[in-house]
Amino acid sequence: MNRSKSLGVALASVLLGGGALALAGFALASATPHQAALNCVPSQSAANTCNLNLSTFPDSLAGEHGKTGGDHPDWVSYSNDNLVVPANTTVNVTIDQYDSGGSLNNAFFDQVMGTIGGVATIDGKTVSSVDPTNVGHTFTLRGIPGSGKTLFVSVPLPADSNTQAVTIGEGSYTKPVVVQFSFKTGAKGVYEWNCEFPCGGGREGQFGQAMSTYGYMSGTLTVN
Amino acid sequence: MTTTLEATKTAAIPQGGGLHRRLNMLTAMIGGALFAWIFWFLAHHFLDPTSRTYSDEVTVSLTFGWIVGFWLGIGAFNAPFQWLVGRDNTRDDDLYLAGQGQGKAKYWKFTTDHKVVGVQYIIMTMVLLGAGGILAMAIRTELIIPGNHFVNQQVYNGFVAVHGMLMILALIVAVAGPWGNFVMPIMCGARDMAFPRLNALSLWTLVGAAALLLTTLAVGSLTMGWVVLEPIADQAGVGMDFFAMAIIVFTVSTTVASVNVICTALTMRTKGMTLARLPIFVWGVIIAAALGLYAFPFFSLVEVLTMVDRTFSTSFFIASGGGTGWLQANLFWLMGHPEVYVILLPSVAALFEISAVMARKPVFSYRTAIAGMTGLAGLSILVWAHHMFTTGWAPTLGGPFMLTTELISIPTGLFFLVLIGTLWRGNIWMKLPTVWMFGFIANFIIAGITGIYLSDIPIDNQLHGTMFVTAHFHYVFVGSVLFGAVSALAFWFPKVTGRFLNEYMGRISFWLTFIGVQVTFIAMFLSGLRGMPRRYSSYAMIFEHTNFITTIGAYMIMAGMLVLLGAVITSWNKGEPAGPNPWHANSLEWMVPTPVPLENFDVLPVITEDPYNYGEELVRS
Amino acid sequence: MFWTWAVITVAGVLVGIYAPSRLMPRSMSDNMHLTILTMIVFTVAAAPVAAGVYAAALHALRHWTHKGDEVPAAGPAVRENATVVTTWLLVSTLLTVFLLIWGLGALAVDNGSTGKNPLVIDVTGQQWVWSFSYPGTHVQSDQLYLPVNREVEFRVTSEDVTHGFWIANMGVQVDANVGTITTIHTTPDKLGTFDIRCTQFCGLNHAFMVTEGHVLTSSQFTSWLASQPQRA
Amino acid sequence: MSIDTHSEHDAHGAHDGGHHEPPEVVDGRQRMGIWLFIGGDMVGLSALLFTYLYLRGVNTGGHWMQMLGYTGHPYSYYYNILDVKGGSLPNPTMIHVGTLSAGLNWTVTALTVVAAAIVWAAERGLRATKNAKSYSSLAAVAAVVTVVAIVFTVIQLRHIPQIFVANNDSQVMAYTGYDSAMMAVIGSTLIHLCILAFLGLGLTIRSSKGVINGDKWYQARLVRLFWVWVACASVIASALTTTINTIH
């Protein structure tokens, strides 16, 4: 082949190959599940404040995984994993905790940390820490130091010991423990949160399955 | 492909033959799928206590079923069965197995001819490199800006694990596979490998393993990195079971291949081909194979232990049962470091060969070259713990392992001496292989020196587990091994296809890749120095710019590789024709006609001198 | 050729002297000073060797290459040169020995015996957060607070899988293993804030297993310790 | 390369250009192959024993022969409590496991050694007396002995004590470090014994068909080499695991 033809073939291979890869990439990106954003609802009563309602279930039959419970109906789950809140606002979070519980890996996370006043309200009682041997889940949020966005919030969600039955979606549960707390958001950015109570699979730490699969016991909090 | 590669020797096609002559890749795939289903079904109904559809027990037996069925379907079990019932092959059967008179079909079958296996290895290598490269592009695209935008961290972790393992498998076979099979026996003056059927077995086993490995991405979260870290691999999804089975099967392939290569080179040499006259490339392949034979049992063992930990709940890596992740680290790196030289040596040895031919000079200090390669192989089994300096395992052993590790720079230095010495005052023929060889020299220096930093514990305590390490071993694998592999491809391509690899496209590819490598990995060094750890799906703002540059460089490398692929495809049938000996070389593979006839030699040659007598008086009678 | 070599060597030496301290995170401990010094020394030592190979390769490219499709005539049939090989071996061995001696010396300094009264801190890694507790004080924190100019001994362990405890500004790194305690020690000697990152792949949110640390004056440190909630 | 194509052509002077090599040449090559495979297997064995000794050495949390959990109850019992009745388990207790039966262990080893001895004796007999029939029957005996050994290995595996471990979301029957290591060692013995059984059967059939006979006995030697190695490996493993096990 002469040079010009070779050059043509070279360009063709780059364009064709690159194009094919780009297409595959877009297909992949769109194929990866993105859950609907849960926006923080601006509060009527107070200015510069919004309300965020979440639930934690012992399975995936209620909440965002839908009636079928997604791929793993028997895995524990948060009702949403894609939270969106405005910058520099007070976020009032209410979490309905429907799951039973046990002991934390690390008792450190029985404390309420990073909330306004360092306290949370559990079924009406204001507390700064709970019994580390009877925790259902935790809501633990963090930023990335070095990016100028530091945010650390960790609230334990006690185990649900109520007996009164309730039904949500396809799932039947017992009356939840209601945990309320507030924190102030800072700069824009994407923060990661997950549960620090070992409620997944695996023999060490039980952080497998639901804990290490995206969209069950972890998610993002986007501040914008 | 057929026309150029069909053996000119046209003996009568052996007739008859029954089912086992009708097997090919398709039947293998069908068999694999069928048995995978059967094993899944049985396990699902009899093994699994809680009847979770995809528990580890079920998945492991499924993958096992796949490989058994694949072997059955490709015909790997024919030979053992024939042996068992005492019905050995006739010469006709052997010729048929060697693919005589089967045209294109033989490339899709359990064909024993070492040249067919060589071509199959070329294809396999390109497939593995392609798949790994696509994943690399996905990884770099994810890291082009901070935050998880393209894919979430779970998918990203899977990309990282599978990219790593695919590339390791691809590079282990990249030079020793195609050329160790295609040219090495001819170089020795042999008619085929020592154990032709084991040769085919190693290739098709690799295919089965690759299929398993590519499946992992689809079937589950791979949260353990390519080294299959423990105890975290105990948490990973069922993809981990596919991953482990793929590696176990792959080690079978490499063990078989190593035995075959060593026996061929040591027992099949023609009359007069003394060890001192053996082409240096053959030496490289022998040493690499011996090293592989030592290393890969550790690999399969550590994966088996991972698997039983997940399926039978043994406690090899589970602290609450008396296990420890350090055991995994030890076993893995006992394999892992020798494996680096299993990858490097064939590439370097090929470059020794090429440098001599292209500089029209004898290999400078043949003995030093062999000593260097042997010394490297010997040292490499004593240095594994330098991968564990920061794990907290046996801090007191830090000093000794630092010593052995830094000693490695002496044999490595000899490689430069031999290469530069061979080029020195030579008449260097600047063709494609030579160009890529100079690329190797430039990159391998950087790879070596950054390695010296990491071998030093105080520095390692800062840089271990950062992008600096990643950049270092990418300079070794991409910058050095891959450049050597492409040089070898360009050098022996005419012997396979009878045509030159397109020189012009080859050079475009070279410049794209060479500049791409510098941009990508120098920027990656900077990320590491500034403090960015490895396997990060997202990163802080301070790493923004270096990561962006790295991604741009990675795209350049991709462009370069695509051009090379285009060159290979277009040159295979339409390239500029080359004679049987386009480089006017003296070693045996250039003395046989192209395409090389079945069984290579009508009459076995008798050797009276080594192939490096350039400038000395050539006695050809 | 000599000049090519000289230029590359000088360039390498300059990079070696100026780059490390500017590229790497702000050095805040004795270990980090040592690490940076070692990098400078190694680069300076390696520069002439690398330059030699580059110079030779460039020289070959400039003077001894033949283009075109005609096969060049055979070069000089030099098979061996004992002097060159021995010299090369000697030089590379000497360099290696030097690097080794320096490395072992540095290692000895690095692992030097723990001082009389180090501040002991228990570091706990778990997926995907760090927590630090100060023995004897019932204080636990999600960020690390250190007093300046006092040796600290970290006792590192993990709750679930292996993590890598790394203070990017202090050149100390050790894995957190389940059921085992590994220790490292260092002496922070600069006030300020530093980053702590996980260097051992630990699953889904490995990239977010990061936190901040602060080096305070000893008085600040004491008051911080006093201000923290006491845990049973 | 200087090639002299005019000297008497190839090593073996056959008219087909040496496509047929004499059996002793082929045999030498195959013997090297076997030795290389044995070498690989040796590395495998040492890796296995390294694992055993390493786990015993680190003895993480003193769990080499003991583990927190429950015993004496079937899996389903706990499965009911936890998932059906939604109850919770009592606190786990530290369960100590003893060493596995050295008797069983040595029985398997002895059988393997006996089989190896039979194969070796049979081969010597074949080369001396050229009697393929007696070789065939001896090979059959060796194969049977190996199958018996396999049965004992399976019994060994079934005797490894399980401990029930229950965490928040995972309940499994687990093994201590010692039991895990023993499971790996016994498992590898089992695999090797299966290969030997196959080879023994093959020797029987081939010699009865006369493919292996007084003049073509090379394959008998190849198999014997591997067989003897497996016997040695089995002795080494048993000696180690029956002497160095408990920690005092």
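Chains: A, B, C and D, in written order; residue numbering restarts at 1 for each.
In this text, contacts are C-beta pairs under 8 Å (C-beta built on N, C-alpha and C of every residue); 3 or more make two chains touch, one makes a residue touch a chain.
If you're wondering where the values come from, they're calculated on a predicted model, not measured in any experiment.
Undergrad: If you count the C-beta pairs in contact for each pair of chains, which pair comes out on top?
TA: Highest contact count among chain pairs: B-C.
Undergrad: If you average the CA atoms of chain A and of chain D, how many Å lie between those two points?
TA: Taking the average C-alpha coordinate of chain A and of chain D, the gap between them is 49 Å.
Undergrad: Just give me the whole-number Å value for how far the CA centre of chain B lies from that of chain C.
TA: A distance of 31 Å separates the two centres.
Undergrad: Counting only Cα atoms for the centres, state how far chain A is from chain B in Å.
TA: Spacing between the chain centres: roughly 41 Å.
Undergrad: Could you state the distance in Å from the CA-based centre of chain A to that of chain C?
TA: 35
Undergrad: Could you list which residues of chain A touch at least two other chains?
TA: Correct list: 144-146, 198, 200-209, 211-214.
Undergrad: Mark out which residues of chain D touch at least two other chains, giving numbers and ranges.
TA: Only 60-61, 165, 172, 174 qualify.
Undergrad: Show the residues in chain C shared as contacts by 2 or more other chains, in ascending order.
TA: Residues 160-161, 178-180, 195, 203-205, 208, 210 of chain C each touch two or more of the other chains.
Undergrad: Once you draw an edge for every pair of touching chains, what topology comes out, line, ring, star, complete or other?
TA: Here the contact pattern is complete, since every chain touches every other one.
Undergrad: Which of the residues in chain C end up touching chain A in this complex?
TA: Against chain A, the touching part of chain C is residues 124, 126-129, 131, 133, 140, 142-143, 159-161, 178, 195, 203-205, 208, 210-212, 229, 231.
Undergrad: Mind listing the chain B positions that touch chain A in their complex?
TA: Per the touch definition, chain B meets chain A at residues 134, 137-138, 141, 146-148, 150-155, 221, 223, 231, 234-237, 313, 318-321, 502, 504-505, 508-509, 538-542, 558-559, 562-563, 565-567, 570, 574-576.
Undergrad: Considering only the defined contacts, which chain A positions touch chain D in the complex?
TA: Residue list for chain A touching chain D: 76, 100-102, 197-203, 206, 208-210.
Undergrad: State the interface residues of chain B toward chain D in the complex, per the touch definition above.
TA: 49-50, 80, 83-86, 88, 91, 191, 194-195, 255, 258-260, 262-263, 266-268, 270-272, 293-294, 296-298, 300-301, 304-305, 308-309, 312-316, 318-324, 326-327, 330-331, 334, 586-588, 591, 599, 601-611, 613, 618-621
Undergrad: Of all residues in chain D, which touch chain A in the complex?
TA: Of all residues in chain D, those touching chain A are 86, 88, 165, 167-170, 172, 174.
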